[in-house]
């Protein structure tokens, strides 16, 4: 399956950083879903580098829908959306094309593709490809919202600054608050709940001025998901989500609910007791992040992703020239993000939306999202 | 795909805790792989409950190969292996069948399967099904070892007691030491590197005597994996491994290399500088856990899994009776593990072996493992 | 995917002719489907060799359900059913194991599996494996019948003797007659509409007495299928059915509706004009076999399969010894069917039922068949 | 999987007849395959309507490669190729949009997509989408030719005029002749071996002048395919090819080798005796079309497809208006092919090439085609 994910709603990605375009095909969406072109544009805008903490590359993201939409709605046929590449400065990469940038995919690409890979700007490994995820995901997000399902991703921690932890809102009483936070972060270009944009920005700029980069942690909540979604083996909700998430460059850890915190808990602390509330089964806490046995239990699905520091830094580094087979110093030019925690949030929400459309179509049939 | 995983080597699981048998079909293995029946038995033995820290259920695990093996070797046809269930005490579950055990799959199974699920002992959600993974995985492990690939999983932390962290052995100089640790934990029934079995056992028994359970963290290293394995989107090595891992009941977090530690690192600390050693490209550190851009880079693949405390505890808990639709207290009978960190290690290694066979077959062709 | 077929309802086959058992895992069936064990037995009985026109091998087909059924209904977990092998005379195959039986899979198996294949009785290529299809298919057939969908397969032609052609019953007025014929052939051990059992049997026995075998043509009708099932590219109804059908040994041609007859028709003859009947869209003729653009149109789905003569014949044949790499004469022992047209009918209906369950689950959601 | 086909080399199609473009993504191709842009153009030219027997719609087929090619070779990343639509006359379809053209997909599309489908020119069901198959297939054809594998498709019969039957060239002695015929038909715009272009053209024009259309039969041979490719269940070579073939609009029957002819043969006639020729296993005849047990046997793979008459005819027809729910006469405007046998040949060869790339990658690994 390689560059495709999904069983009934399938996303296929294509494109390289410096090629004609990046794009996505999303197949299996129900016919009749409204396609809100302004929303697609505004979602792309959230991903776009813009402020001082982002790369200096400026993308217009003039997307084009090639198929699958007619009279403003999905047709049921595969939807292909492309985003032509602009502001490409390939020359930046020519001089260093045989130098394996540390923690980048240059070396593995050389091994895997034998020198035929498009090395400019990371080629198909580039974060640029995530623009296509955001564009396709915008359609999925709207389809889910029509079913009362909402996805929000925020920066949980960066540079030592922490935002509200959605896991602290696990009780049924906190449901409305969590919902409002999810909506709030979706409205913002800098997705945080607390008033910490400046503090985080300062830490990122500090790293940048030091020719360095920093990592962080992001957190996603999905509200409104009905119980019973996912499969025990192997299409568990955790499994399909994590597979998607780990495809996003820079994500090196995924934990659901209390995640690694479980390692130091007792069963009596960790178990989420069930209770009846307004005739519905709920749990008093949500340590399991809304998932039991791989299947949604009706509580909000909450998970965290670890984001590594951008590997492209201006500091001189040690590496190898893989064509010459010898050690070599590396001084990176090009334009890079000193941190990607801000821009990655919308990518995660978009990809999660597509995965959830697939999960719903698999459980409820294609037409469920119509 | 539900209960199957893999593209070219496909594992399918079936069976319930209290049904006639659990089993696995593994399809796509090369013909001619030696099937070592003693090794299968010894692997099952490592998973089997035996000591005071395990459940009192005693399984003989008399497995039977129904197909795919002829004259002691794989035939290339699907290999079906079953393990009949014994020592089943279904009556334990009759009284509580409509009580949703907290953090268990009872409630979601009721929603998803509408009351038709086999509720006895967790049915198809039971950890009992992992016996089939271990049996099938034993064939995969031997096939990989013939190619110089070795997988070891140990308890990294339990009850506050920590073992050697394989991430601290990330330099090329530590390669032999890591390899020896991997071999060592595979020889042991209680898979740890340091002399900490007693300390961990004490903490588990402490929890047990308190009618409680505890969680932990396990760590896996894969050595000998060549560079270039995995795909950028979406069949990244991290993606396919995490999807498999999250299917194992109790695993709620997966991180590769420094994982969540990346959140507090700078790029200059996190980047793994490449260097030439004996004519091969290696990295000076291995924060990325052997994976760049979703593809193996030739360094050991290292990842951690968070394991939640066994949800089945003897302490009285609060829950709901989902048939009556009302709150109810829960006093669990039955036989349960106060911690599953020991038994889960061999399951993880076995499942990882099967996934890696698939990755190798996908990259190198089916016959590569012959 | 190899030995599996399906997207949402997935069938996996395993087993060899002379191994411990053949079996099937069917995954993705809705929970709550009644499992009629007598019906499974009676379906297996229809496939079983019994009369003079079948092989002398006598199979008891004592099947066993290992998983996925609880209290007489499917649980939603994978259903594994096995049929132990009996009356195995492996010695028949020992002497000729390196002789490639013409039109059999012996030679290709040797090339593909390098000598590790189980050659006894054709191993995994054996028609014996179809017993597992019939057993699993019996569950699918009952699930479809509960939705008003009925599948019937009959011998359309054998030895020059022809049965009623369901394509001649393509008009809306013939619907009831077609339905009654479908029911009738499902009641019979020798599935034909007309009174031609004796005539066909005579031709088969004639071939047998001449140490030869004969082929034939079979025809399947599916009634009660709603319009809108299937996909334009590539999961067309014709595509998914033909892929399944061609897996059955001996089937070398598949045609829908007028099939190869279209080659000599004009558009004005071939087109099925639509009309309104009782408020429903129907077509006056059914040359397209109930499928337009790969999607069911509400008319009966009708298709024919060409069945080649059993390749195992007692006549001396010319072949090669692939181990010695030289020509060799072949005198086959063993017990063989002089024609498989009778026994293959129930296999086709069973496999079609499983494929249709998948198509329905993909379009309408898993729970549709509950 | 819907609009995708393949396991390791995956083709995804998108686009509508009157939308911005049709296109294909082909993923999983080895890196380093030369991409011959002139050859792509010349293949598209063969499919393009041009003479009097084709539709009057004139397409320029100015294709564009959006990704996956760098410096004239494949990169290993997904290759996306699009062909903008031109000469679109959507108004032709406006008046008849609720009239179900007989034997077309209009009615099933209405049922399946609930009125949201793009009905103009058949939308995603249009034969126009096959242009994308031809473009993507051109890359596959060149990759196969580099391995000595050649695919040729010719008109076997149309209007009662028959071409040379490749099945008559099944003996090892005829191998060179068959190879030369395959090459010959690939050079021609009107793909036939014998001097019958005029005769067939006359029959087609005769039908056209009668406001009618005619069907036909086409035949494909694949030479140079090594033995051992394909799987017993369910990815048999016959299965994967037929699934692809039946996706092409108008194909209603597929038979391998003697196909439906087997129905009237005896085993002693039908069996292909093996023999040693120049140290290789060959068969004296090739009734099985190069496939035994679903796996290639080293002989040419030969199969026929039945092509139905173009359903769009100028003659008045009877049909229904599915929005009004009543009978209605239909007088079609628009530009249509009186027969598609000529243009479909290159589509079949192209699609078969892509399927074979997948089969080879699955058996031999991705890099085999490099």
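Note that the chains are named A, B, C and D in the order they appear, and that numbering of residues resets to 1 at the start of each chain.
Going forward, contacts are C-beta pairs under 8 Å (C-beta built on N, C-alpha and C of every residue); 3 or more make two chains touch, one makes a residue touch a chain.
These figures come from a predicted structure and were not determined experimentally.
Chemist: When the CA atoms of subunit C are placed over those of subunit D, what is the turn angle between 0 and 180 degrees, to the nearest 5?
Modeler: Rounded to 5 degrees, the superposing rotation is 180 degrees.
Chemist: Same or different for subunit A and subunit B, when you check if over half of the residue numbers at their contact belong to both copies?
Modeler: Over half shared, hence same.
Chemist: When contacts are scored as defined above, which chain pair ends up with more C-beta pairs, B-D or A-D?
Modeler: Between A-D and B-D, contacts are more numerous in A-D.
Chemist: Quick check: how many Å separate the C-alpha centres of subunit A and subunit B?
Modeler: 26
Chemist: Between subunit B and subunit D, tell me the centre distance in angstrom, where each centre is the average of that chain's C-alpha atoms.
Modeler: Measuring from centre to centre gives 45 Å for this pair.
Chemist: Can you check how far apart subunit A and subunit D are, centre to centre, with Cα atoms defining each centre and the answer in Å?
Modeler: Chain centres of subunit A and subunit D, defined by C-alpha means, are spaced 39 Å apart.
Chemist: Multi-chain contacts only, two chains or more: what residues does subunit C have there?
Modeler: As it turns out, subunit C has residues touching two or more other chains at 1-4, 7, 13, 77, 112, 124, 232.
Chemist: Are the chains arranged, by touching, as a line, ring, star, complete graph, or other?
Modeler: Topology of the interface graph: complete, with all chain pairs in contact.
Chemist: For subunit C, which residues count as touching subunit D in their complex?
Modeler: Touching subunit D from subunit C are residues 1-5, 7, 13, 100, 102-105, 107-109, 111-112, 124-125, 129, 157-158, 160, 207, 212-217, 227-228, 231-236, 238-240, 242-244, 246-247, 249, 252-276, 279, 281, 283-284, 287-289, 292-298, 304, 306-313, 315, 317-320, 322, 325-327.
Chemist: Under the touch definition given earlier, write down the residues of subunit B that touch subunit D in their complex.
Modeler: 7-8, 77, 232, 362-368
Chemist: How about subunit C: which of its residues touch subunit B in the complex?
Modeler: Residues 1-4, 10, 12-16, 19-23, 25, 27-28, 31-32, 64-68, 70-71, 73-80, 82, 112-114, 116-118, 123-124, 370 of subunit C touch subunit B in their complex.
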